[in-house]
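What follows are several structures.
Shared between the two complexes below is chain A, which has chain B as its partner in the first and chain C in the second.
Showing the complex of A and B:
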């Protein structure tokens, strides 16, 4: 008897399946949990434990399986290659850290409910699928599933005005950009001979490259993705959403949405190409994004807004490998992007998790709230310093290695001006990244400094993230090799 | 009957009406309707392309129509989220005016 689903197909979908199942379990376990959540500080450790077990299982499924590159599973809807598994593992790692931190943070703002965790897990499942998707339908469904879960997470604290406001802005702009993405997909489908698979689009691409519908279709899809990753001029929602949403959810969406969207965008552009014009356009977007993100971050006093603009700037750096790939030098530079995503993930998560540890009742989000933190919580201050140095790209941190790889690729690919602008904007960024550090070490604490009630999860997550920043900064060789290998699996060489 | 070009023009017009509605209207419900209009404009294009390529396509029959079904499901989920956000906003501020909503900036 022929099996309906082959073992390789089951192996490919196993990580996402584990994540979705864990999401369901978390929802069921906390069915009667509302009353308990209202009765004071309740860490609900069992939710955190179930969540951690689920994400560790998914991580193991991602790391162990998929020895060979299998490109056409589920009738071409997804593939099982090292690239998808690498990006999926980054998402799952971010999920593990977020789940660890969520328990203490949520109980300290009195909103510790099961649906937060299950929304995290449903979104993460969709992101892992997005990293593996090779078909327009599966890309669309995955990106919508992750967006819908993140919209709700952004508006999770319904009793706070900025939260609902940010969530609504995010929702409208997110749905708006999905419209563009979908229109682009329809055009690609139309000109590619009635196939929805990326591989067929890649095979047909050269014949229809002059077709205006094809060019417009790719452009519209890039615009749709630019919204998701927050590239200028589609970035306006990011500061408002980051300011309004609960900070642990911000850490999650800043990291995971960007990883998954960039992975899918890279896969799409490798297949569809787009040529010189698109490459010039993305180069322009990258320049404006780097400069505007860093300049706008300079005078922010709210640390969540500052990190939001910093995230925009990092999107600019991450666009450089795409420019290089589209100009015919090949997408080998995509490996720098993968490494940069890994470095950016641990660093950004660490920064947001530090803010989360200071929350009680509400987020402490002004830079002044960090004053004198070093004398009170020296270890947290160390992690925050590491995160800021890594975001700025100071040597011996993960961020430095990532920037080095991207700028080196840019110079080798003949885009010296991109590397120069990147370096100049990194220098500008040092100024605002050092402000929290100065506040922590050289200023006296102004008011009473809070820390969350049950901080063990957050402390563990911070320790892991801080260790990863240092490890990737001092000895990046293993991960660099792994990202090069992953990129090769995508290019089929 | 209609040529594919005619249908694409219709798609483009509907899509642009949707864009206008999202950007220019103040009422949140109208904004949500405009978002749906954008998605449905694309559905029209997908069905049209699906018919043109028909059963001759080499990656499965009726793929455009199947994509449309997926889009419909996603649009329904999106509407559910949008309406529940609307409900939260109405309960708290008794207003569904987009402009009254935007306080944060800078």
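Showing the complex of A and C:
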């Protein structure tokens, strides 16, 4: 094998490379130790600027490059297609928003250190790679890299016990799920004639489809991913981790990990298939996840926990396209998953960023802390309302179009019961998504909790996310088309 | 002909709301006058539109079609016919009166209040003219949020409970309808209503089983909105807690979207199921008529009394829809407008007295006709219109409904007529306890009578009531051709 790197290979890895490099630069820039003592309270705009520049560059590399589908780059470790670029762009957008918000938020809790940003960027680089990975080893390496960065972010506020507890739980369960993933990969490797590449697995799939080892291998990998995306019954870490971690990191985890994991899972299942049995199993998981997530969210008074359960519920909706894809009607429905991921990303980020604006010293995370926000900060309340309505799937928001696409596919594929359960659980969810709205608009503020000087970065990030929710709700045509094309590039290539 | 008048009517309030967002919140009078002006412009556009409406034409007029989200097959399709035109006009007419009535009543967060009301108006108008079923659904849902905020922010003591109940009830119904819409799309391949109807009639008819379930989903959603007995329980709560303007909009226009939805969507899309459900729905509306009237008879809170009277009155409209008789349905459409006028005015009048005395308990009043004679006159006119006295608007609709119902089934007609008698009973009881008799409470001796602003927004209601009552011909002529066209669906 020639060890030459072709221009297409460089083009493919450029976005992830930019992200990793930016991470390194951020780490080095913050090395100067002389202001260590008060560095926690400094907004450190220069780090935010470097981070934004890095993520914008990576985004440009993602959007402008590619075009045609190129497979088997780096000896089959990754491919360059519109699908990977779409998912990668979502991750990078979330990164941009998170970086914008991080400066002000971290200084408000007195923990503004360069490590946070570089961890974000290392994780983001790994996620972009995961979206493009086409062989078992590169998938695994990318997952491990992103997990390590996220574990540390979850425990970032070392002086808070819940944070460390959450991070520890996350680490143990994450390691456990990696075990599943690895074992599944081993099975697949054995059955598919000793190849790690997804394309070989796809080619061999039809011959070994009846082999029990093949089925078990795919199932184990699905379980591994189910941990990452928080599908029931592998969801138990989510509420604790979300509650403990600093809220801006939670927003990042909730969005980016889910996008990258779902992209990789979709790519894996498109290649491996899995047939009727797996489809039925995922359907069952989807049903339980939707219902349990929404029911458990009903009684939460901590808004981070509530959003954690709501995130679980949304994982349930996102599993529906996989069910449809596996039944043999084809994975065209994957496009609705891509759109839904985009809608979910901006919406969830917006919700967590609003919580971030409330923090002072530590996170204010009870729903009561939102009381009376609408009269003090009407624009922030509007963004939060938009986010809640979008999560609930009310028209004119991004979430509605996403649900419309997923349920439409479900009805079209003959899975009316999945759509019905999805809709019933959406009804349930309306109740708790309205609670923050009730608090913000219908109740009076009780203390001084909203007397906060808001950092510019967080405001800009909120404005962008709120605008995106509305834009995707009112004029989603461009993104709908784009997600359909991306999905086609994955299926055709 | 490419006309944009409908888009203009629908979007004017929303654009106005956007403009108001940039006005300083302390500048209360500018906000109030601005909102009033916007709604007057919408009314003027509505009258202009009605002027170019041709009653004899069948089918939709002033149609607008653009592609909107072609990737999902969703289009922007507006149009109007005899069924919707009166409701559009009613909405356009009610809103300026509502804005005028809030000048004193709403003192907190005036800016947000006016913006909410304007957005409501766009939602309601859009729902009446949308011909793409997803577009309709968007407007249908979109008006939920401003109403929720109006009840929740400016409402009474139990406002949060009432607002949540209102929202959740409506959402349950509309999400099931959403699923049914998706199924229809899968079956016919379009979201466009006329095209969908065409395909259901010719190329891809639905089997009775599917019609049954889909009709159930649509009807459940609209029956909650109407509200049809036994799904009415959110209404008294919402009315009692809502501020006056909220009640007027709710009773005056919002409830009609339920009955309109039945005529426009549920029945024509699934005619077989509609026939199958006919006895059930007729009996439910009859029970609603009697039950609402009996409940109204025992209420002490005036607003709650009117709320239950709405349950009773809208029972007539649903009955009219499901007896499938041309004159009954024409009466039903008129009754929607009449109920909007009479109940809207009654709620405004209750608001007027509430501003002065801060109570709505019947036992706190009595004998005030001597103190506020002009007010009492207006109140009695509204009451008589609600009862259906000949010469006022209520009579025309009720008479047509009863005549049509008797033709179809005398039993239905007899029960419904009993409801009319009960209606007279509770309304006259209200008038007697509220306006006449001795003055028990001394506070009631010094209530000021109507001022010029109140005259301005109450008088148009009275004029319209008399106009429709004495000369309903132009209104009936607008409606009737469309109804006859609509009934050809059932040429079985």
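Simple rule for what comes next: the second predicted complex is superposed on the first by the 477 of 493 C-alpha atoms of A that agree within 3 Å, B and C clash if a C-alpha of one lies under 4 Å from a C-alpha of the other, contacts with A are read in each partner's own complex, and residues count from 1 in each chain.
Simple rule for what comes next: a contact is a pair of C-beta atoms (placed from the backbone, for glycine too) under 8 Å apart; a residue touches a chain by one contact, two chains touch by 3 or more.
Computed from a predicted structure; not experimentally measured.
Aligning the two structures on chain A places chain B and chain C next to each other without any clash. When the two structures are aligned on the shared chain, A:179 is found in touch with chain B, with no touch to chain C. After superposing the two complexes on chain A, the angle subtended at the C-alpha centre of chain A by the centres of chain B and chain C comes to 140 degrees, rounded to the nearest 10. Once the two structures are superposed, chain B and chain C can be ranked by residues of chain A touched, with B on top.
Contacts of A:471 after superposition: neither chain B nor chain C is touched. Once the two complexes are laid over each other on the shared chain, residue contacts for A:407 go to chain C alone; chain B is not touched. By the document's definition of touching, neither partner reaches A:21: not chain B, not chain C. When the two complexes are overlaid on their common chain A, residue A:29 makes contact with neither chain B nor chain C. By the document's definition of touching, neither partner reaches A:57: not chain B, not chain C. For the three-chain overlay built from the shared chain A, the minimum Cα spacing from chain B to chain C equals 25 Å. Partner chain A is touched in their complex by these residues of chain C: 68-72, 109, 112, 134, 137-138, 141-142, 144-145, 148-149, 152-153, 159-160, 163-164, 167-168, 171-172, 175-176, 178-179, 182-183, 185-186. On the chain A side of its complex with chain B, the touching residues are 75-76, 136-137, 140-141, 144, 148, 151-152, 155, 158, 161-162, 164-169, 171-172, 175-176, 178-179, 182-183, 185-187, 189-190, 193-197, 200, 239-240, 243-244, 300, 305.
Chain B meets chain A in the complex at residues 11, 15, 18-19, 22, 28, 31, 35, 38-39, 41-42, 45-46, 49-50, 52-54, 56-60, 63-64, 66-67, 70-71, 74, 77-78, 81-82, 85, 88-89, 92-93, 101-106.
Remark: chain A residues 375, 378, 389, 394-396, 401, 404-405, 407-408, 411-412, 416, 419-420, 423-424, 426-427, 430-431, 434, 438, 441-442, 475-477, 480-481, 484 touch chain C in the complex.
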